[in-house]
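Chains: A, B, C and D, in written order; residue numbering restarts at 1 for each.
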Amino acid sequence: MSTSPEITNSVILSTEMFIALSPILLLSFGIVLSLLLIAWRRSQKMIALFTQFILVITLLLTIHLLSGDILVGSGTQITTLLNVDRFSYLSFVLICISAFVVVSLSRSVLKSEVEVHDEYYLLILLVVLGAGILVVSDHFASLFLGFEVLSISLVGLVGYFREHEHAVETGFKYLILSATASSFMLLGIAFIYSQTGNLSFAVSSNVMPWSAQPLQIFNSVGILLLFSGIAFKLSLAPFHFWSPDIYQGSPTPITLLMATVSKVAMFTVLIKCCFSQNYFNNESFIEIITVVALLSMLVGNILALKQQNIKRLMAYSSIAHFGYLLIVLTVSSLQNTEFAWQGALFYLSAYLLANIAIFTVLLISEKHRDNMSGDRDIHIVDWHGMFWKNRLSAVLVIFSVLALAGIPLTMGFVGKFYLLNQAVIFKSWWLISGLVIGSGIGLAYYLPLIFALFKDEKTLENQVVDGSGVYLVTTGKQLFMFTLLISSLLFGIFPDLVSQFIYR
Amino acid sequence: MMLTFVILGLLLSGSLAWYSDDKPFFGVRFQAKWVALVAVIIFSLIFVFSVYLSPLNFQTLQTIAHVSWINSLNINYTLALDHLSITLIMLTLFLALICILVSWDEIQEKSGFYYFNLLATFAGIIGVFSAVDMFLFFFFWEVMLLPMTALIAIWGHEKRYFAAIKFFIFTQVSSLLMLVAIIAMAYIHQQQVGDLSFSYQDWLSLELNNELALYLMLGFFIAFAVKLPSVPFHSWLPDAHTQAPTAGSVLLAGVLLKTGAYGLIRFVIQLFPQASENFAPIAVTLGVVSILYGAKMAFAQTDFKRLVAYSSISHMGFVMLALFSFNEIAYQGVIVTIVAHGLSSAALFSLAGMIYQRIHSRNLTDMGGFWQSAPRMGGFGLAFAAAAFGLPGLANFVGEFLSLVGAYQVFPVMVILAAFGLIGSAIYGMVLFQKTFQGSSLKTVPDLSCRELIVSSSLLMLLVILGLYPNLLLQYFRGVIL
Amino acid sequence: MTDIPLAHVLILSSLLFTIGFVGVVVRKNTLFMLMSLEVMLNAVGVAFIGAGSVWQEADGQIMFMLILTLAAAEVAVGLALLIRMQRRYRTLDIDVLSKMKG
Amino acid sequence: MNLLASLPLYPLLSFLVLISFGKRLSWAVASWLSVGAMGLSALCSMLLVAQLSTSEVNVITSHLWQWFSVGSAKVNVSFYLDALSAVMILVVTGVGFLIHLFAAIYMKSDENFTRFMAYMNLFIVAMLVLVLADNLVLLYLGWEGVGLCSFLLIGFWYQEKNNVLAARKAFIVTRIGDTAMAIGLFLLFKSLSSLNIVEINQLAQTSETFSLSIANNEASDAYWAALLLLGGAVGKSAQLPLQTWLPDAMAGPTPVSALIHAATMVTAGVYLIARMNGVFIMAPEVMTYVAWLGAITLLLAGVAALAQTDIKRVLAYSTMSQIGYMMLALGAGAWSAGVFHLMTHAFFKALLFLTAGAVILALHHQQNLFKMGGLLKKLPFESALFFIGLACLVALPGTSGFFSKEAIIASLWLSPTAGASLWWCAILGALLTSIYSCRLFFLAFLGEQRFPKDLVISDHLETNHLLRGALVVLALLSLFGGLFTIDLSTVLPLSNESELSPGWLHAVAIITPFIGIAFSWFYFKRYRSRDIISLNESQSSWLVFCRNGLGFDVIYRFLLVKPYCFITQLNRRDLFDQLIMLSAWYVEIWRDVLSASQNGRLRWFAGTFGLSLVGLILVVIL
């Protein structure tokens, strides 16, 4: 239910604003076109190709806008709701890339079904649209709108394959919990609105009207509730309970979608909201951030320790990673928000790359096992000896796991280095020790995962993968995996390639 | 430039060895181990000649390569050499030869990947010894760990995964502390001098207040104390040694422990002279405790490799004691001990490997009386055990004697306690030698093959030469005032 | 303009919200969970209306309009899932849906 | 390469040849090589001594290369020959050559003969380096080398368990002494900042800080340095605290006991104290400790020798007591008397051991005295030689033992650091010596034949002229050794015989051996009477206590060995490792708790939402 702004008179939307917003407009136009396409001819291949086409066009347009000079400085304000600046469109680039990957991966998953799944692609486009709105939002209403578009379409996607045993359970859990979270967030927004009187992120101190005296308690509780809603979506520590089950229950491409698109969007909007409202000099907010960050670093890593199911393991590791990312928020003054943004974006791109790689290999081994009957989830034991059977995917997994663990030679390390830079500058010693202990515990489950690839016990007790174990991987997939490997290595050793693109 | 050439060359030849493992190549069945051997020989010759011929005076740090890497944080790829790193790199290259020869026919399956990991570790270690930009140092410090952990995890013995994980986590967590210290130092440099810099030479000129300097020094000290296993952080070493393949433990004991000592010399003593001066009493007690504790634990072991591992902890205790006594004689003792311990522990571990290949067990109880059937191995075993407990005439004695004489000037009581370590080392040296070679002979064991003979005799020859003429090494370290 | 102090409105909406929340946590039947979700959303609506009236702006009411649409969308999807659950598990008890553990 | 540098070279070369070729060499070639090398070095040492006596500066040095430098002090591999080391090299190479000759024949039947001779040569090299070293570090090298060779030779027949244990015990006990000496070295370097022996002796006298007793504690550097050097000497020469290893060292072949545990190695401690007299003079209290130590060891060893049943252990304890005499002499300041006794003792103790070896071989490895008896008739030649040895041991007038022991006893009465009481100990020791020698002689040679009649005496030792020649030379040396008046005045400080000690001292000293002989003639009548066939040693608890070395072994095992083993076994699994594993286990517990919280129930998830909100509010408020 996207509202297309062209109908209102043009004074609100000048051409320059129109250009600035063009990627998101193009996206929504694309959704409408795909609806028409479904109405015209229902063919699985057509809709998939069209969605990929739309995403590529949006991506190219955003990159063109970025390389241009429209988005310099604090960015253009489009109506009070949206504010487009460099960093939001940089994260939108990340979102489009991962959405494109999700769409191309799910083409092979959907092929095995019998009826046509065009609404699957539509929902993915809606998720991307929601993320797009979130990324550029500057107002609580647009935040709320983006949040809801994202969550509702994800609910549809999460329980997509009806005959999977956990489909209903996952759908229901996600629906109820995201509804609760959004209502908590709304309550928070209501409280903040009642105190400050304005819903937009831009700080304006209009005076309290005559009767009500300012109730400071509601303002800070409001901020807390707002943060809890966002924290739910980022699956940070105290609100992380939903993510393992949903990650495990939903189909793999959708898990990837959730792990990348929704989290990147939510984190960008969290940074935008914090920096524009300069919450960072609000002392209690920093305290909450530190507590939540520490909790998620420890809980995320500890929970993953003996986890055998790879999807749940990825869920826990993403909890931990967003715990690390929260360090970015503990900025001490306005002018080094620039540096915080760079650190966050670099770390997010490293995290994305690693997740995409692991989920691609996960999908391949799942597809291989599907035609072997039994659709049980992939466990670490299924990946035994993969290094000796198909080397490329094993090397890819090794490097992405190392990136997640933050070992040099990979992009993850440079990301962690930036975070540490941030933490050391602002002397947040608690977060540093949390980071050190967290990555120490993290190694205790990343390393067994890597060693499992090398184990080639001849006697596989639960014979899941057949003797040969050599997956037949289409050349397209191999090429894709090869590019992923090369890019993760290249960006790891020469991080300047990425950062000079961010730092302009 | 030649150093980068050596490092990259080792990596490339490792991948060549991996790629060309038993593939027919112009008719001859190419073997990874030959590729590795030839590569190491070539690169060590290149290194030796280029150092020998280079006009630079290596008394102080001479930068070899300087290329900008991450210019947003002013990090650049700078390598530098001085006498200390040259000696250690030469020790590494020599032990590289020994590792390849030792694992000649021990590694049968997946040997291509094995030699890749081996050469990659050597490249990482040479990088560690020569990196001067702290970020690059940390980069090599971690890169060196990956192939080493792979070596332990894939070709190790029964409990290899646990040992590999423990080894990795120990070093990783402690080096993260070092990373925090590095970043903090970089920012202090920014505050004091204006621009952000990670290069070691710039940091030498910083002056820090005492309390901050102590914390920073501790950050570095813990990372190197874990690597040079001093007592509280040593428990990864016995596990890593017992489970690693022979070449792995030769490499681990011979060189990886030396990176800890090198780090202490370069980045703790010279970077924070004042802070380490008032930290010295604690560090010296740590050193003495690890000498006595290592000797005591070594005596209690029944596993050959575990015993030798604990003995290296004891030997490294001498290094810690001598380093923190800030005495010029002790510093020379440290240099000789480092090289001597590198050779003698590498020798003992290759001996352990030879015995393991013959009786497929490391347990001292099922050894005994090998002197009867393998007199030459017995002779070498005696010489290496003698080196371990510091028999004069072999290199370890010179190192220990100089360290203790130097340290005595500053900490007399501590040195007397450390001297009990000499008795302790004699006891475990006896236990090690007598349980394997003397006593009633249970099994007959074939004597040394010619390959093993080359390995042992080259090691012994070096130990004797260094023992009787240590000036070969010490002339470079005259008058180096810490 | 009946001058109901802002605090009262906020406290009312918080109370209503907690009632809805407790409803979600305690009720075993999925239908009632959806209903208590509605209660929570409406409580937030009240808060917005109250805040809007204090600041003499229409923002609060616009937000309430948005919340209504949201509530409608959620209930629609919720009921669809409800029907699927009824057909699959023959019961509406929420604890049936807790197979994924650990 | 002048003569002095070549002295240790010959045995070293023969050692290298023997080791590298090992079993491929036949007996003849190996024995010729080793004995020949020894002969060459003996000849060379005689030439050197002759050269020394003619040269006016009475010191010969030869510098090989600079080993390393400790700060400003240069530690180099160079040899230094003066009167004292001349005596020592004569003893080492002379007696060593004769023992090598005997060993070549004695060990003929052993299959790793070459390894044995190689070790013997290596031992001689190490001993020569020890004696000729011009600085303490080179001396320490010789010192440890000698310790290693004694370990190898004691544990030569390493198949039996107790040989292995004896070798280990010898090495570790001497190693304790060596560590004490090493610490002494460090102290000497710290206070005198030089390691060269001659410099140290001069500096010790001149530098005032060295002997100045520091105000608070009265012990001065000299006191500690001397005490530590004494610790080293005590370890090597098997004196009181560290003497338990010598009796067990008899597990090695007899030539080894002769060479190492009688003539050369055990005297290294005496040599060290004599050589470092400069330091000891500056610490008179330590000199008295040395004297008292020597006296007590003297008495203990004498008592223990009385109760032994094995012929070699008797000789071992007698060596210990004779070295006690030397220590007593050095403690009393009679430096040259001590060294003189060292020389004569080397001759007759080597003679005693070799003849005992011949007797043991003749009786097919029978070492128990109570299984011998009546050998005078069976082995007249050996018994005569044994009698000569015992005569010198007991110091009957005219024998070399008499001259050296009298010199020591005479100088005790008046010496400042020793006194009358020590003189009486020396006399009592002489008495004990004569008693156990007679007991030994009666048991072994007089009395009834207690070994089985049909035992044919293996005679291949008898007919060997070379062997007999060697023994005869040794006998002559021990009889007339006393006549060589070695003039050590240039090296060692003169002891004060100036004022005369009371006349009757001399008489008492001469009579005591005869009193002892007379007493044992009647007391041990049973042993020498012809008609008693079976004799077995009495098992009275007191005698068994003495036989096991007066309980020192038991004490040490109880005080040191057991607790050390207990502690190591207690902490086998490495306390620190447990701590780390504890933290890993703690994380494990948290993992189980948290994964239980993931119970998959939707209502629980919603509930945690509210709970965590309340928690965070509390955090904000606190």
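Following the convention adopted for this analysis, a contact is a pair of C-beta atoms (placed from the backbone, for glycine too) under 8 Å apart; a residue touches a chain by one contact, two chains touch by 3 or more.
Because the structure is a prediction, the values reported are computed rather than measured.
Here the chain at the heart of the shown protein, by mean C-alpha position, is B.
Between the chain pairs A-B and C-D, more C-beta pairs are in contact across A-B. With centres defined as mean CA coordinates, subunit B is found 44 Å away from subunit A. Averaged Cα coordinates give subunit B a centre that lies 65 Å from the centre of subunit C.
For the pair subunit C and subunit D, the distance between mean C-alpha positions equals 96 Å. With each centre defined as the average position of its C-alpha atoms, the distance from subunit A to subunit C rounds to 26 Å.
Counting partner chains per residue, subunit B shows two or more touched chains at no residue at all. Within subunit D, residues 595, 598, 600, 602, 606 each touch two or more of the remaining chains. Residue positions of subunit A with contacts to 2 or more other chains are 172-173, 176, 180, 244-245, 444. Under the contact rule stated at the top, the pairs of chains that touch are A-B, A-C, A-D, B-D, C-D.
Within the complex formed with subunit D, the subunit C residues making contact are 21, 24-26, 28, 94-95, 97-102. Contacts from subunit D toward subunit C in the complex involve residues 595, 598-603, 606-607, 610. Interface residues of subunit A, counted against subunit C in their complex, comprise 1, 140-141, 144-145, 148, 152, 155-156, 159, 162, 165-166, 168-173, 175-176, 179-180, 182-183, 186-187, 189-191, 193-194, 197-199, 209, 211-212, 215, 218, 244-245, 248-249, 307, 312. By the touch criterion stated above, subunit A contacts subunit B in their complex at residues 388, 402, 407-409, 413-414, 417, 420-421, 424-425, 432, 435-437, 439-440, 443-444, 447-448, 451, 454, 494-496, 499-500, 503.
By the touch criterion given at the top, residues 231-235, 238, 296-297, 299-300, 328-329, 332, 369, 371-372, 375, 379, 382, 386, 391-393, 397-398, 401-402, 404-405, 408-409, 412, 415-416, 419-420, 422-423, 426-427, 430, 434, 437-441, 468-471, 474 of subunit B touch subunit D in their complex.
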